[in-house]
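Before anything else, here's the structure in question.
Order as written gives the chain letters A, B, C, D and E; numbering starts at 1 within each chain.
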Amino acid sequence: MADSSTTLAGPASGGARKLSPRKRRQLSLAAQSLVLVALLAILILTVDGSKIQKSFFDFKAAQNMFPALFTVALKNTIIYAVSAYVLGFVLGLILALMRLSSFAPYRWISLAYIEIFRGLPALLVLMIIGFGLPIAFDGLQFPLDPYDKVAIGLGLVAAAYMAETFRAGVQAVPPGQLEAARSLGMSHSRAMFSIVLPQAVRLVIPPLTNELIVLFKDSSLVSVIGITLAGRELTKLGSDEAIKVANSTPFVVAGATYLLITIPLGILVRRLEAKQRKSR
Amino acid sequence: KSDTSGGGSTSAAPGAPAVKLVKAGQLTTCTSLPYPPFQTEEGGKIVGFDVDLVDLAAKKLNTKQEFSDVKFDVIKSGAVLNANQCDVAAAGMTITEERKANLDFSNPYFDEVLSILTKKGGAKTLDEVKSQKLRLGVQTGTTSLDLAKDKGIEATEFDDAGKQLLALQSGQIDVILQDLPVVNDWLKKPEVTEKFELGETIESGNQYGFAVKKGNAELLKVINESLDAAIKDGTWAKTYKQWIGSEPKSTPKTK
Amino acid sequence: MSNAVEIVDLHKSFGELQVLKGINASVKTGEVICIIGPSGSGKSTLLRCVNLLEQPNAGQVIVHGVDLTHRDVDIDAARRRLGMVFQSFNLFPHLSVLDNVTISQRKVLGRGRAEAEKIARNNLEKVGVGEKARAFPAQLSGGQQQRVAIARALSMDPQVMLFDEPTSALDPELVGEVLTVMRQLADEGMTMLVVTHEMQFAKEVADKVLFMDGGYVIEQGPAAQVIGAPQHERTKTFLRRVLDPTHLDVTE
Amino acid sequence: MADSSTTLAGPASGGARKLSPRKRRQLSLAAQSLVLVALLAILILTVDGSKIQKSFFDFKAAQNMFPALFTVALKNTIIYAVSAYVLGFVLGLILALMRLSSFAPYRWISLAYIEIFRGLPALLVLMIIGFGLPIAFDGLQFPLDPYDKVAIGLGLVAAAYMAETFRAGVQAVPPGQLEAARSLGMSHSRAMFSIVLPQAVRLVIPPLTNELIVLFKDSSLVSVIGITLAGRELTKLGSDEAIKVANSTPFVVAGATYLLITIPLGILVRRLEAKQRKSR
Amino acid sequence: MSNAVEIVDLHKSFGELQVLKGINASVKTGEVICIIGPSGSGKSTLLRCVNLLEQPNAGQVIVHGVDLTHRDVDIDAARRRLGMVFQSFNLFPHLSVLDNVTISQRKVLGRGRAEAEKIARNNLEKVGVGEKARAFPAQLSGGQQQRVAIARALSMDPQVMLFDEPTSALDPELVGEVLTVMRQLADEGMTMLVVTHEMQFAKEVADKVLFMDGGYVIEQGPAAQVIGAPQHERTKTFLRRVLDPTHLDVTE
């Protein structure tokens, strides 16, 4: 066994005697750890800890938010997101079918819808639903105000994204699947429903879950259309409370509550995606 | 139920005046929170001077008052009323000619006084604000914004009075222009008085009124009647004292 | 006996690209035809035109007397006469092997579950994967998957079977099991059109070999003649490259 | 040539004489066209056209918005979006490098950052930057207020998404590329910079352009932190004007202005994506 | 002359999966070794362990006296002694053919542009793609790409060349041009380890054939012996399947 470290250097290592790459790597790691620890120490020493604690982690300010944080704000956030999701799902499915239809006017209508609603800020769409439409159509009523307004406003936007997701899902099924089905004598629609769609459904689960995360966050916009105390969601409650106590803790609490939902959902999405990538 | 022009249902309570409400069984009030002492949330309920006065009308209609919290600019433009989002707008709102084009106002119930909230020892007047190029914060859509514009001051607009105060406290603006009762209410908080003080006050000669959708004479009548009654029987003065904290200088005229 | 498949002056273009420039060929019932030729010569396109996975631009495909290219033909019904096996198997991954083989029997031919499963099991037995009926495609080797694909096509009782390089995607060790099944099918008298690079299979099994290049059929005839004693220069070059790959000039 | 249409029916066509599939398809198309035209007619007849025109396409209300629509609102929208984009890009790149680093603490920090900022609504982040931080850090000033606040608020969120985009881009380069480079004797970092990154850059152009679209739309949120007249962007101008004239036309005009930018960018993204798919 | 490559008791696992279970082999300078075996037997893993693209769990790889598995070895320098050619070519798609062949010469060996280009052009000439220097990989056929990949590896002056199924991804017609280049390399005395399914190449070119299965070397020896007269049952089965694919039993 050859163990004379002088023979280990390759042609490019030049003349001078050097540390082995392994030792160099170890040294670099040690140096980086040191720098990191030093940075941390500086941060702790220079920043006024008690001030930060009082501003961002004020227990009393946080306490004020309970139980409304869960019984009102989180509940409403979920209601807004889920109801918009349901509407977006149904409408998105219809749009996707239109987009894949062989009848050109369907495709045009669907394409126009998708382009428009993917290009507008959700906030503007909410304003148009909340103020623009009722003013234009006198007597237009939203019986479940604000829940129906929010579901429609956010749902219309979500539908555009979901339609694209569905379409992409169908198109991500390898074309050989449709060809194999057709070559067995299935009609186009039979092949779609029995062979392509069942596979597309699996492909779209991760992006559809992602859309739910998006809607959770977009529900933060609803305060623009006017809501009651009972209709407040997380961002509104957080900002109301922050204003009341002139303290940032309620923002932190509201943010943490979002993360309670969005982070696990995000991890789920990535798990599903990884599984799909593997099975392919 | 005759419902020709669309928009809600008739209050069903027996003996109450027949007024169409956007939501059956409740008088929906649009307001912009927080706006103490006129409307503010306390312990999960919305309370204040305006709240108590509108409650009188609600009682007359045999309903209870419910709230929708929106930005002030959509109140004063009539958007929320035209959109049938609420029956009445009550938000410490000044009656102006411009707003009258979009809203039908009740009889006046309060004299408007604007004021400046400033750092201790800071600029006391709008003129100083202008000459020292200070950052002035106003609430979107309010008469304060109009006044600042008239003075040629480029003000920063905030969605509600709460964010306005927060911006002052966090040093994002130097001076606030806001209605005096609101500023006075803020000055009840020690963390505000510690750093800030009242500057000049500006009596505009304008008055506050409640508003309904243009043409909603039935509801306007109920509101005016209940206001008149309250002024006559002293309820108004009592409520004033309770929320504003001082005796009223003058009493609104009744009709 | 009339021709099982007759291809008359078939043309196919993709946009500007002319892929088939007038193909004429006929297959008698029970015959096995192997189609060989360099990559891009249009072999797959020809096969796909035969069962109308691609719409030809001109020309006719007549299967047992029915003109599939007639504009009033019921294409789904017509396609049932032709079984197709793809290079990439194209099993339905969300269905078990048994369901892969029964789904079109039931949904297209309207067979009952019991009947369809009986036919499916017979065909799976025949291709040697009878014990895999409950498995899913992902659990099978490539050779097993391709044999299931053959069983699936057979279960629709096709009059003609089309194979498009059925062993090209397989590990060399697995090629044999698929070729064996195909040889067996040929022996049973199935009419077959096979695109393949397996010269040994062509030599031994094909009744006729068809050499394509550049969208034309350059040469066709009995296997021994086309592979053993090719007439055209292009055919000779192609066969030398494929049959004796280690003895070429680099600069060729 | 066999042309007797009775022999054309396949085994499944049953007994009765039927229309050929081609004719059936033609009939169905004609029927669908008719239905569509009828629907359109009903819509036009039932809806009060002049009312809609007055509400959504009021020329005078639109006129009022000029020239501020372009000189102020669109300009600011672009400034907000682009400045947040630049910040997000730089920070995202750093985060991505940390995420791909072999030094674990870097990976953790980056992962935590990404998870948090992808899980929070942009609106909440803007509020925390605009109100929360200045309260906590007394005397914290934003010299370019509100431009710097917006750039930071939206940029922090964008950085999380961009970091993931960069990482995905690097990981989408086939591993064989890195292996080939290493097998030629290149060090890991040399292979990264000379071989992997140049290919990753091309892959991330479409998703990065998409992020710019997202930021254009998210700039609609800035009014929450308090802006001056000169700082108004499209949504704020639209809603201010809509309120002024009690008419929905300004919403429509603002929306159309967004689409002026987002739709062409969206088409560009899809072109680039299609080109990439093809070249693979 | 000492051994060019010596593999001593090499072990490699991926998690639970033991892929190499103790491989011993040696290659003399100038020898050509062909590694054959069924899919999944560990052939690629063995080759990748030799140039440390995979870190072995145990055992040694000694190339011209240098133990590559020693923990203080400069792996980048050591790897330069070995040229690797992959099944999927792995040319750098963003670089021209010439840049593909010069980039590592310049960045790793520090050669000047002129020198690197001269060496590159020589090697491209040698593999028969001299006129493609300005082209990009996507503009080349698979056979041309693989020959460029060989030229790229050669330009680093490796002492040993490793080939992992260099012709498996190629159209049958293009296999020959790559095998020809490899045969030529072997004739010039290059030490080569070749994983391949091309039995004809192995028979004609290899000095030694190594049959792997299940993570072990089952049989090794001169080509004529291992391919012509295999001793082990598994080797026999494998060779029969690969060499005579059309004559198997379906049920086998």
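What we mean here is this: a residue touches a chain if its C-beta (ideal position, glycine included) is under 8 Å from a C-beta of that chain, and two chains touch if they have at least 3 such contacts.
Please read these numbers as outputs of a predicted model, since none were measured by experiment.
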{"item": "Chains touching both chain C and chain D", "value": "A, E"}
{"item": "Highest-count interface - the chain pair sharing the most C-beta contacts", "value": "A-D"}
{"item": "Separation of chain A from chain C, taking each centre as the mean of its C-alpha atoms, in whole Å", "value": "46"}
{"item": "Computed distance of Cα centres, chain E from chain A, in Å", "value": "46"}
{"item": "Geometric centre distance via CA averages, chain C-chain B, whole Å", "value": "81"}
{"item": "For chain D, residues contacting two or more additional chains", "value": "10, 12, 131, 135, 138, 185, 239, 242, 246"}
{"item": "Touching two or more other chains - residue numbers and ranges from chain C", "value": "76-77, 80, 108-109"}
{"item": "Multi-partner residues of chain B (at least 2 other chains)", "value": "74, 79, 82, 163, 166, 169"}
{"item": "Full enumeration of touching chain pairs", "value": "A-B, A-C, A-D, A-E, B-D, C-D, C-E, D-E"}
{"item": "Of chain E, residues touching chain A in the complex", "value": "60, 62, 65-67, 70-78, 80-81, 108-110"}
{"item": "Touching residues (chain side chain C, partner chain E) in the complex", "value": "38-39, 126-128, 147, 167, 171-177, 179-181, 183-184, 197-198, 200-201, 204-205, 238, 241-242, 244-252"}
{"item": "Touch list for chain B against partner chain D, complex", "value": "73-74, 76-79, 82, 102, 135, 137, 140-141, 154-159, 163-164, 166-167, 169-173"}
{"item": "Complex contact set, residues of chain D against chain B", "value": "130-131, 134-135, 138-142, 145-146, 223-224, 226-230, 239-240, 242-244, 246"}
{"item": "Residues of chain A defined as touching chain E within the complex", "value": "1-3, 5, 7-13, 20-23"}
